[in-house]
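Next, two complexes with chain A in common: one pairs it with chain B, the other with chain C.
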Partner chain A sequence: MSRLFVILTLGMVALFVISLVVGPAQIGPVDSLVALVAGDGSPLTLIMREIRLPRAILAVLIGGGLGLSGAALQGYLRNPLAEPGLIGVSSTAALGAVVAIHAGLAASLSLGLPLAALAGALIGVFLVLGFAGSQGGSLTLILAGIAMSALAGALTSLVLNLSPNPFAASEIVFWMMGSLADRSIVHVWLLLPFAFVGAALLVSQARGLDALTLGEDAAQTMGINLSRLRLVLVVGVACIVGGSTAVAGAIGFVGLVVPHILRPFVGAQPSRLLWASGLGGAIMLQAADIAVRVILPERDLKLGVVTALVGAPLFLHLIYKTRRGLA
Partner chain B sequence: MSVLSLKDFSVTLRDRSIFEGVTLDIQPGEFVGLIGPNGAGKTTLMRAALGLIASEGDSSLAGLSAQARARAVAWMPQAREIAWPIPVENLVALGTQARGGAADTDATDVAMARMGLEPFRGRAASRLSGGEQARALIARALAQDTPLLMADEPIAGLDPAHQISTMSVFAELAQEGRAALVSLHDLGLAARHCTRLILLAEGGVMADGMPEAVLTPDNMARAFGVSVWHGQTDDGPVFQPLEVL
Partner chain C sequence: MNLCTDQLAMLLASPGQLISISNIASDPLVSAMVDEAATYPMNFGRAEEIYLLAPDLVLAGQYSRGNAVEMLERLGVPVLRLPFAQSMQDVAANMRTIGAALGRDRVGEEMAATFETRLTTLREDVATPLTAALYSANGYTTGEHSLSGQILLAAGFENIATRAGIPYGGVLPMELLIMAEPDLVITSQPYPGASRSEDILKHPAIATLRSHQRRATMSDQQWVCGTPHVLAAVESLVADRRALQEASE
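Up next is the complex of A and B:
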């Protein structure tokens, strides 16, 4: 367990450094790191501090948050197919952002888009919790989440449908593909409280997730208050997913694939999978964000596209392995 | 000081009364077998007594907070759910963590030894056979180290040797001053190992007492609709259902 922790942490730090030295501005790796620390007001320092550093930090926060959320939801639902989007909050956050783009709020106000997305996430989590009820089990939560995703998806399509011109529509479509390009340190400050509160809430439920391995009845008699666990979990995932979507758009597959890959390395224990998936998610998203910049530097390749392109085949491979294991 | 006390205890599910007016006390040192025909409400009685489903009347466990209940009783549901392939050792350790602290390796080892699980220590629990899983889950409940252990059909699906050894473990717990409330269908094993039987039938407690006093031909005919052969050996009583009446 500790060896895995060391390996994942080293991987995350290494990718963080690589992420800082890769970009369209042709700067040597040593020069860029020196410029980052020097802080002499040169253009180089500006590039490092205003463009690359926020981007690298956001990749760690969002990737880590999505991995952690996926592990927590899979543990709660006792289902390896669960992912952070399941509770519908990513869809309502996206709807908030799309409405902001459509209404011109995103163009007129520098933080208009992320704030509108956070508002969408907030409304979404209240509606999901309201419909799922405080006493309901996991089934009502899934159903409420699916319904909310469908509704938000339909409304997003409606906004696209009614968009005044093709440019507005394409702006919306490109935003929805997810990206970390051109984000500033302000975005980091915006996401940071949500990421930390969300992570703290999810990690606090580690013991409950372990107990749920034996089913809801057994967990309840092992000192776990299931209604409270569900509430804390939904709010925690909503903080992370809402904040991440607001800052970077929709990024799929990280929360689904990362816990799946790491599960065998932590003895399948849900509590240990939480931190492992947090680190693993940070690694996966940083790698994807580096790939975006390296593979097609002159075309604006979207991060969400790359995570899905890598994640889906990886997931198919895992299904194949699982099938062989069952046979 | 009883470990479970029910007073005028009733459960109604979807306007259908499952049982009414159940009053009973379980004391430390008792190994109580809960018997009765299918659908008599054995599982419902235990889940309601734990406070997992709504009930009327009083149960000494139902009003406790989740943490206090975890120190008062360990529960092994009939559905043997193990969602992830976690090692048997870690699964049993979950029982020690239910008391609120960190995992206790000594208590885990004791519980594993009791259920003969050492050979399976590092094996993925969800990939064991049904009977092995049942033993791991019983060990998990034992590791919770509570005054009362409640189990719903814990020996269903076990081979004869493990049925007998599991019943012996429950009997040992009782001799050590703890108590067990266990539902089961094997009247012979119930008669040989339990210190007391509660027969749940016709919407309430039909009989409650020493096995010989509960397993009378009359009660067996009324509750199960079967005739029973009753013999006495040096080792204790033997009950064998013979035919449907």
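Up next is the complex of A and C:
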């Protein structure tokens, strides 16, 4: 277990450094890292500190958060198909963010944007869990997720279409696919409290999730308060997804792919899968964000496109496996 | 049927000659002639309403309202499609074209001549041109071969986009903008209602770059259409350039 921890941490740090030295301005890797630390007021320092550093930090926070949320949801529902993007929570969070921006809430209140996205995410999680039931049957869960995504997506498009701003309508893609391009340190500060509170809440329930693998009755006899567990998980997931979506749009599949790959390495134990998925999510999103900048640097390729290209085939594979399990 | 042809027509037509203009000409954000526009009946660029007005001539932009314009042509309404002004020569040529189309050749010729003289007096030879970048939503910049690029050149600035290899227009990554260290960053005017695309203009990196610069914005009123109003944009940029040069001396 500790070996996995070391490998994942090293991978995350390595990608963080690569992420800092990749960008449209052709600067040598050594020069750019020196400029980041030195801070001599040159344009190089400005680029490193105000453009690349926030982007790298956001990739770690959001990727880690999404990986953690996916692992927590899957542990609670005991269903490998649960993921914030797929069950529609990211879409409702995006709707909250878009409403906040266009109602002027984001401009008038400094935390207005993430708070509105958090509210959207909360409503999304509650509705989906309500529809799917605590047993989390795959079919109802996915169907509820599809319905929520479609509804929230349509409402998001509606708000953007009605905006008097000519650029708003073209942003539908951003809110549905997500991007870290041109985000600033302001967004890091917006996200940070939500990411940390959310992660703390999820990690605090690790023991409960382990107990749940034995079934609900067994968990209850072990002294786990299921309704409390559920509430804390919902709030934790909503914090992370709300904060992430508010600054980077809805990025899907991270919470699906990462726990799936790491599950065999942690002996399918939810508590260990939580932190492993956090690190793994940070790795996956950083890799995707580097890919976006290397493959089509001039096109602002959306992050969600890359994660979906990786994640969707895996999702189909999981559905196939689930179907065989049912038969 | 087009913001730019509307404005030229309002300037050139004889009283009573112009029977309707597009709704965009009344938008104070993009139109420099809102007050004048209020005195004309408005249309929304739909083929049906324009056909019912039974005009002798419809003035449309080269690319605007393609379907409606084609429909009018099919219905036998004469349409003049005015090319998009991409240079100062185009602006003067368009004035002459519209003047001729309205049977007011002399007025059009006069306006074009005045425009050319005023432009020549504004243009001066600058020994060491300052650099400037046009920067709008989503990091879009425009190069030399555009009206705004020509306004920049006329005011004696060197366009950063040209150096970055963007002749017409395209996205200039923020990192490259900052590496180029332009003397002036001219941003677009924000539209009402927020958008994420316009967030980029408030990015801390841009703010730091501009912190020791003069503020300059391009108002769509003066920068979009090839009308005499572009001279006002050139004038204000020339003032910016002089102030910058004095400050550096």
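To be clear about the criterion, the second predicted complex is superposed on the first by the 237 of 327 C-alpha atoms of A that agree within 3 Å, B and C clash if a C-alpha of one lies under 4 Å from a C-alpha of the other, contacts with A are read in each partner's own complex, and residues count from 1 in each chain.
The working rule: a contact is a pair of C-beta atoms (placed from the backbone, for glycine too) under 8 Å apart; a residue touches a chain by one contact, two chains touch by 3 or more.
These numbers were taken from a predicted model, which means no experiment stands behind them.
In the superposition on chain A, A:E298 makes contact with chain C only, while chain B stays out of contact range. Within the superposed three-chain model, A:F167 lies in touch with chain C and out of touch with chain B [touch as defined at top]. Legend: residue contacts after superposition of the two complexes on their common chain; A:L46 is shown touching chain C, with no touch to chain B. Applying the stated contact rule after C-alpha superposition, one finds that A:A199 touches neither chain B nor chain C. Contacts of A:P270 after superposition: chain B is touched, whereas chain C is not reached. Between chain B and chain C, it is C that contacts the larger number of residues in chain A. Once chain A of one complex is fitted onto chain A of the other, the partner contacts of A:L68 are absent, as it touches neither chain B nor chain C.
Contacts of A:A106 after superposition: chain C is touched, whereas chain B is not reached. Once chain A of one complex is fitted onto chain A of the other, the partner contacts of A:P24 are limited to chain C, with no touch recorded for chain B. Those residues of chain B lying in contact with chain A across their complex are 47, 50, 52, 66-67, 69-71, 73-77, 79, 81-87, 90-91, 94-95, 97-100, 124, 137, 140, 144. On chain C, the positions that touch chain A within their shared complex are 137-139, 170-171, 173-176, 178-179, 181, 191-200, 203-205, 208-209. Listed in rising order, the residues of chain A touching chain B in the complex are 78, 207, 210-215, 217-218, 220-225, 263, 267-270.
By the touch criterion given at the top, residues 23-25, 43-44, 46-47, 50-52, 101-102, 104, 106-107, 163-168, 170-171, 174, 182, 184-186, 297-298, 300 of chain A touch chain C in their complex.
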